[in-house]
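In what comes next, chain A is part of two complexes: it sits with chain B in the first one and with chain C in the second one.
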Partner chain A sequence: MKILVTICKNHIAPRFDLTIEVLIATREGKKLGTPFRTILLNRPSAEELCSLIMKEHIDTVICGGIEEKHLKYLSWKKIKVIHSVIGPYAEALKEANDNRLQSGVILSGAVSR
Partner chain B sequence: MQNKGTENMVEIDVLVVDDEEDFASALTARLTLKGFNAKAVTSGEEALPAIANDPPHVVVLDLKMPDLGGLEVLEGIKSFAPNIEVIILTGHGSVANGIEGMERGAFDYIMKPVDLEEIIVKINEAYEKYKMNISK
Partner chain C sequence: MNPHNFFTLNNIAVSEILNGVPHGIAVVDTDLRLVEMNHSLESHVGCTTTAACGVFVDSILRSSLGHNNQVFHDVLESGVTVSFEGDIINKHHKKIPIQFTASPLKDHNQNTVGIHVLLEDISYLQSVDQKQCSKGCSAEIIGHSPKMQEIFDLMPVLAQTDASILITGETGTGKDMLAEEIHKRSKRSRYPFIKINCGALPESLLESELFGHVRGAFTGAVKDKPGMFRLAQDGTIFLTEIGDLPLPLQVKLLSVLDDKEFFPVGGSHKVKVDVRVIAATHRSLRELVSQGKFREDLFYRLNVLRLYLPSLKERDGDIRLLLDYFFRKINENLNKKIKGFSPKTIEILTSYTYPGNVRELRNIVEYGLNICQGRQITPENLPKYMFTPIPAMKKKAAREEKNFELPRKAHLPVADTPKQGGWTAIEKELILDALKSTRGNRSEAAKLLGWGRTTLWRKIIRHGLA
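Then we have the complex of A and B:
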């Protein structure tokens, strides 16, 4: 299973449409395979990001705020979107791997930002 | 010497030239975290004076820029600093331009979106070629 996280430095990018960096992790069994891949987009663009998500056959997207039309598009493409997440991406990935991550959550590491 | 994480022993000087400021700053930040001495300029016109003043080992150069295009910048670099290796960045559908860049002396070209590990491998390879260039 492939998980894509929109990132900004060590945190989840606050907005999907302004994301320039993403991290792709692959879940192998119950563990996340390492190293993670970091991809830099040409420019912040929700359309290009959606295109990358499709091209990479992503199963789950973890992101911050996302416009409804992009959320609907990805959901229509049967991609699970865990959105409005605030905090460090490493913590989000760990929570997602443990099936505990939910939309709208503020992770404990967010306060130390 | 390879730049892997922070255990590198030689700092490789990299100049990123890209008019997409967000991309240039994100790439520079990631390369710095990986142990490179990375800087960025956001236009072709800025690139040549920056390279003349502080020559890097490797230039990562976007092809499509509004003022002075990547191919012109590449020609400029090769005219006064032929040892500097240049990696070209191209968007989708710009393969022909990437190949043209290699014909004009670029080390290699990479398609955007850019996989960070891929570009790090290319920069390290380009640096090895730079070292061979200057030892001749």
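Then we have the complex of A and C:
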């Protein structure tokens, strides 16, 4: 299973459409395979990011704020989107791996960046 | 951090005051972490102050302010209030246009202790702006000057009536476009809009064109022809250069306007038509009447509603607007990457008098964009005629076009009238200039123009210069 996280430094990027860096993690069994792969995008573009998600055969996307059209598109493509997540991406990945991450959550690490 | 203890005013929690404001408000500390937000903002972002307190504000707002909130850092450093437009993504995944106003918060010692961010939802204002634009910038007619605003205000009124309209104004001011726009907004918009240039055809042909003919009316009339008036049935007929309409046809036109019926050329049966007439001219009809070249009764019949299109010189501030508009449009069409005009070019273009009005301005911008090889249009990329003083005769001709109703400012020294024919004429002139300066050496001329020798040869043939 492949998880893509939109990131900005060590945190989840506040906006899907303004993201310029993504991290891709692969879940092998119950563990996340390391090292994670990061991709720098040419420019912030929600459409190009959606294409990348499709091209990489991503199963789950973890992101911050996302527009309805992109959320619907990804859901229609049967990709699970955990959106409006605030906090460090490492913590988000850990929570996602444990199937505890939910949309709209403010992670404990968000307060002490 | 307890947000309710961060700021108090006479023991009243500031949060209570903030909640009374109908816009979103966020209070952040010097690390740009959220301290407080009001109910309005909570409803936008979908979380409470208690949950979001201490979190970096960019994560909460999901705004378009860019990475690391550079704007907020600038406010902290400079201590100056900053206002700018952007957007946020709200809890319903909608992008909301926002006017942000970030002000520094200072303590008693004038030390900046945080920032107060006001978020005004401007989606309504933007929709109003778009509506106003559709009202104030009809199709391709644009302008912000008071005189153009008067036209835009009058247009809906004129569109709703069925009376004849006389549009006057100098050449190149957009009389044709205005007529078409009035037709589009009228109840006749579903029916044809037919334009006839009264100066383009000889009298006999024009009569046949306007009113049609029956078979055998004259040599070559092998079949019935309906004529433009009948083709425009229920629609609008636009008679441009009405001042050039021959006198015998003026009588016939008058009878059409009065009785709404006419005889086609050679016909014995009257034809009834329901057509709205819009006429336009750059000449002074009143002068033509006094010279006996235009019928007074027709003048008064057409002159029911008169619209005067101001020349560019009378349109304060519109030159810059039109320059930018045509620059964007043509730059996009030509798929060029030119950034804009250099300051010196802007100075020249805004001080130029444009005897050919908007048409000339458009041609100049098109010329500049085609010639420019750099990132900015410089004075060297402007047509040479702009820098040549206008001959006295041309000035006189320009004065003759002066509208008879509104007084105009004294004619400033202007350059030659624009070359008609758009880019083709300009290109021909360029080739000639290059050939002249290289004394007819085509290889040198091609180099000068930045074209291949074959390209130059092809263009020479096309323009008939061989």
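The working rule: the second predicted complex is superposed on the first by the 113 of 113 C-alpha atoms of A that agree within 3 Å, B and C clash if a C-alpha of one lies under 4 Å from a C-alpha of the other, contacts with A are read in each partner's own complex, and residues count from 1 in each chain.
Note that contacts are C-beta pairs under 8 Å (C-beta built on N, C-alpha and C of every residue); 3 or more make two chains touch, one makes a residue touch a chain.
This structure is a prediction, so every number in the text was calculated from the model and none was measured.
With the C-alpha superposition on chain A as described, chain C and chain B fit side by side in the combined arrangement.
With chain A used for the fit, chain A forms the apex of an angle whose arms reach the C-alpha centres of chain B and chain C; rounded to a multiple of 10, it measures 70°. Shared-chain residue A:L52: touches chain B; no touch with chain C. Of the two partner chains, chain C is the only one touched by A:I106; chain B is not. After overlaying the two complexes on the shared chain, residue contacts for A:E68 are found with chain C alone; chain B is out of touch. Once chain A of one complex is fitted onto chain A of the other, the partner contacts of A:R15 are limited to chain C, with no touch recorded for chain B. Here chain B and chain C are compared by how many residues of chain A each touches, and C touches more. Fitting both structures onto chain A leaves chain B and chain C with a minimum C-alpha separation of 7 Å. Applying the stated touch rule to the two superposed structures, the chain B and chain C interfaces on chain A have no residue in common. Of all the residues in chain C, the ones that touch chain A in their complex are 33, 46-47, 51-52, 54-56, 58-64, 66-67, 88-89, 91-95. Taken in their complex, chain A has these residues touching chain C: 8, 11-12, 14-15, 17-18, 64-68, 71, 83-84, 86-87, 104, 106, 110-113.
Within the complex formed with chain A, the residues of chain B that make contact are 20, 22-23, 26-27, 29-30, 91, 112-117. If you check the complex, the residues on chain A that touch chain B are 9, 20-21, 35, 37-44, 48, 52.
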